[in-house]
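What follows is chain A paired twice: with chain B in the first complex and chain C in the second.
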Partner chain A sequence: MANRVKQRMVAARLLQALPILVLATFIVFCLMQLIPGDVAVTLAGENASMERIQQIREAYGLNQPFLVQYGQWLAHAAQGELGTSLLSGEPVAHTIARTFPNTLLIAVYAVLVSVLVGVPLGILAATRAGSPLDSTIMGAASLGVAVPNFWFGMILVLFLALGLQWFPATGFVSPLEDFSGALWYATLPALALCTNGIAEVARQLRGSLVEIQSSQHVRTLHAKGLSPARILWKHGLKNVSVNLLTVVGLLFNKILAATVVVEAVFAIPGIGSSIVNAVLQGDFPVVQGAVLAMVVTVILVNLCTDLACTVLDPRIHA
Partner chain B sequence: MAHDDHTGQPLLAVNNLNIAFANDAGETAITRDVSFTVGHGERVGVVGESGCGKTVTGLALLGLLPERTARVRGEILFQGRDLLNMPARELRRLRGRDISMIFQEPMSALDPVFTIGEQLTETLRAHEKVGRREARERAVAALEEVGIPSPHLRLDDYPYQFSGGMRQRVMIAMALICRPRLVIADEPTTALDVTVQAQIIDLLRELSDTTGTALLFITHDLGVVAETCSRLLTMYAGEVVESAPVDTVLRRPAHPYSSGLLRSLPGLSERGGRLPSIPGRVPAPGQMPAGCRFQARCPHSADGCEQGQPLRELDNGRLARCWRGAELTLPGAVT
Partner chain C sequence: MTTASVSSSSSHAADEPGLARRVLSWLRGDPRAALSLLVLVLILGTALLAPWVAPYDPAHQDLEHMLEGPSAAHWLGTDDLGRDVLSRLIHGGANSLYAALLAVSVALLIGIPLGLIAGFVGGWTDVAISRLIDTFLSFPAIILAVAVTGAMGIGLTNAMFSVGLVFAPQIARLIRARTLVVRQELYVDAARCFGASPLRLLGRHVLPNAIQPVIVQSTLLLAVALLAEASLSFLGLGVQPPDVSWGAMIARGYLYMSLVPEQMYAPGLIIMITAVAFNALGESLRTALDPTARGHG
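Coming up: the complex of A and B.
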């Protein structure tokens, strides 16, 4: 029965996602109209005649009313047709397949580092709440939340890449071709992205652990004679896991958005830099396709975290 | 009922227990020189107005007060050993095995994200070397004992799937699963419906009878004390003001505060009543008068009451913190 409920929840959530997808791509499409510059002029090359430009407009359907253009894009996208780049002619699906793995690698890497460093720090601070160690960790975390990612990225490049030459300062290889090489390149960008994440995870985890530890049911556990270690690792962590998972899900979304800046700093061919380039050049099929891929990812990640939460906390129902 | 075992010492002897909490202004004393005993298998009721220190005393017995702020002095002898000087590890072994506690709020006292089967078996497995299977069987038996229908089907349910009364039954099962010598029940029925209250009280009394477990029963309900306990401790403003056999104190209390409580009682057959109120207010912690703490509200106050009042021994094992206790003839609930 529980499985049926869960299946229905997934179906309902996916259905709810459709209007979000349409809305997100529509807003991006509208914003594209506001950006100065005309892709047809770019495509026509230097010194092109007005006639030539007009021909290009017609060929790409750029002369049509804006809503019709969006409608056509949507109709194609619904059939899995994302079109081709106006400038390079590369199918948008290929662009996504080429760049998105890079971005995902960096984002997942950054989230993993945030969790692997943030969780122990949060636990350490919570178990020593009120101690100097706790204040130090929480002070550093407040700083970490406040520092912008790209600023930290610059410092990292200066020290670890240009100074110590441990990691490459720019560039990338695809994780699909050379995974360990890709990890190598992804390390600095991921580190740059994870400062906020570590701080966020540590702070939230400490907060919810401290709250749980003073709860009545934890007092019962002490009264039963369980050891503090067992109470923390078994009951404490399971009780805060829903909270933690929610934080990590939101963090992934934030980090995914922040890759746009970090990809620019590290000159990485990710989906963020594809979007930036395409926006600058008015290459709307690429922008639309890439945004669609991002939004779908975010929706799926949210769905997965919500599903995991229902497993971890029996009180949550779809 | 046997108050002492063959060694001649009571199961629990609390001597001069002083509990204070540290705060910015220094320390606030909550209890002063609380002393009492609980014999083997004895059921002792503890009553007193809200804030008089009943819960903190109960928590102190198990070492459950917040370590960082609580200052506990005195002696808590359990089976002859002082719990206050016991290494944390050993005290932990005692908790849940020799001394258990049942709390007021069954809705929040169980861990919401673990099944009750898990919570029962982990208690057992913390103290005894038993395999998973056997632990589950004993958990089923424990649930059966507290009257949970089809217990083997409920083992994998979560606390939210139980009603308040059923959760309190689970708490009782958990408290008794290791067959402790002493159970501290801190207002175990206050949060429940009146009809359920009676069932839970009956259950506790029955189980204490069948298992020989002593019960320290903190309650607001003097009717429950009359039916369940053999001795009553009355607390006022952080002190024990009277300790006497229940039948004696009901007829002839020796402390004006106990008398006030009993006299305004609607009727001992009625259950679920709150403590009746006595005119005046309890002095705040940290602002206690030097003499008798009840003086401002006492109708029998006289010259001499401004002196500090020790717990005095009267006839047949009664103790009262009032120098006039022997001379006054105070009305009780039963005449």
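Coming up: the complex of A and C.
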């Protein structure tokens, strides 16, 4: 019975993701339309001949109605054909395949550190709610949310790379070629990215744990004489874990977005820096393709965390 | 006559025992909020009075005193062109705060009507707008802002307009949720029975009672917008030289990081302090404005 309900919820969530995915691709497509002037002229670059512009117009289907253009673009995108860079001529799909693993490594690394540090801090603050330790942790958390992460990255470079020389200051190796080397290069960027994440995980966890601890059923457990550690583990954390999963899902989105600046600080050839370079140089096919790749990733990650929540949530029993 | 009595009952929470007195008692009860407000007023005041307060012209180059450390003449030292860092910090503050306000205003101007329409009209309109909101929320925020800025043209105003566009769905979602609740209330029904037009219903009855969470969120968003300005200007998509902002100052400091690390401390710290103050104020407003936390009276 419970299974049937969960199956239906999973199916409903999957169906819900579909229109969002389609709408997202539409928005990314519309980005091109925001460019002032004739897209074909922009794409052809400066000093292009009329024939060249006409060629581009036909090649990109720009003489077709808007929705037809969208349909064609989507059909191509679905097959991984995202056009070619205007500057280097590299297929956009190759650019993404080359740069995205670097970005993903930093983002996942930062999410992991956020959880590994944020969870103990949150538990510590919650179990000693109201103590000086609690206010110190929460105070640090409010700094963690407010610090510009790329600036923090620069501070890390200053002290840990240029000063103590523990880590390389800039540069990167692809995790696909040399994973441990990549981890080495990814450590400072991940640390720069995780301040916000640690703070958010700790805050959320503390909040939900304090709420649960003051609830009727936990007070009853105290009265029954269960040890606080046991109560925290069996009744607190179990209930909170689903909550935490949602936070981590949202965190991934935020951290992935923030990589764009941190990559600039550490000169990492990630997808964020390829978006920024493409924007600065007017290379719109790269912007479009890379943004599409990121948004699809985020939607899929959100979908996965939501599905995991549905499956794990102990309250869903019919 | 009748509308007057209805509206007074709808908004009686907003204008009873004197706004000034309530603000005062709120600040007295919450020293952290009072401190944050004081810090923000100081920073904003200094930024607004920049031409009079700043010791030097922020663009004045003194090539005999480049990249100097703090001294009596230049409290925070000079940058790579011999410009006074303190003066640039003060002038940059004006641009950074303008940028944050611009982004949040754009978010409110787009988000509020969108949320009101979705929540009030309901049906397919609501479904369509809600899906749109969900979709926008799944975009990594800064990435979308970077891309929109690229399409519209690089510059501080365009960049912050993009950031506002990216924030708007958050506001819309909040307003929609509150509107759904408020439109069920008796006083809205009553006003409708008295023949109030939909626009009047929205403006006079629904919006004032749905706005509290938006005030809180806008305060918190100011902090996020400030960080977004710093990010975009750091990437070279925001403020353009010779103009200056806190983010642009960090970018400048980055170039000379190994030579004079002091260059980048001040702008980063001031961004952090301002963001902490906005956040603390927002959190405090959340409790102060929460209708469930305040006794009905």
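Operating definition for what follows: the second predicted complex is superposed on the first by the 232 of 318 C-alpha atoms of A that agree within 3 Å, B and C clash if a C-alpha of one lies under 4 Å from a C-alpha of the other, contacts with A are read in each partner's own complex, and residues count from 1 in each chain.
The rule we apply is simple: a residue touches a chain if its C-beta (ideal position, glycine included) is under 8 Å from a C-beta of that chain, and two chains touch if they have at least 3 such contacts.
Note that the structure is predicted; figures quoted are calculated from it, not measured.
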*Among the partners chain B and chain C, which is in contact with a greater number of residues of chain A?*
C
*Given the touch rule stated above, what does A:Pro132 touch, chain B (first), chain C (second), both, or neither?*
neither
*chain C touches which residues of chain A in the complex?*
19-20, 23-24, 27, 31-32, 34-36, 142-143, 145-148, 150-152, 154-155, 157-158, 162, 253-254, 256-258, 260-261, 264-265, 272, 275-276, 278-280, 282, 284, 287-288, 291, 294-295, 298-299, 302
*Report the residues of chain C in contact with chain A in the complex, numbered from low to high.*
131-132, 134-136, 138-144, 146-154, 223, 227, 230-231, 234-237, 247, 250, 253-254, 257-258, 261, 264, 267-268, 271-273, 275-276, 279-280
_Interfacial residue positions of chain B with respect to chain A in the complex_ = 62, 64, 68, 92-97, 100-101, 103, 105, 108-114, 122-123, 126-127, 158, 160, 171, 174
_Quick check: in the complex, which residue numbers of chain A touch chain B?_
130, 215-227, 230, 235, 238-239, 312-315
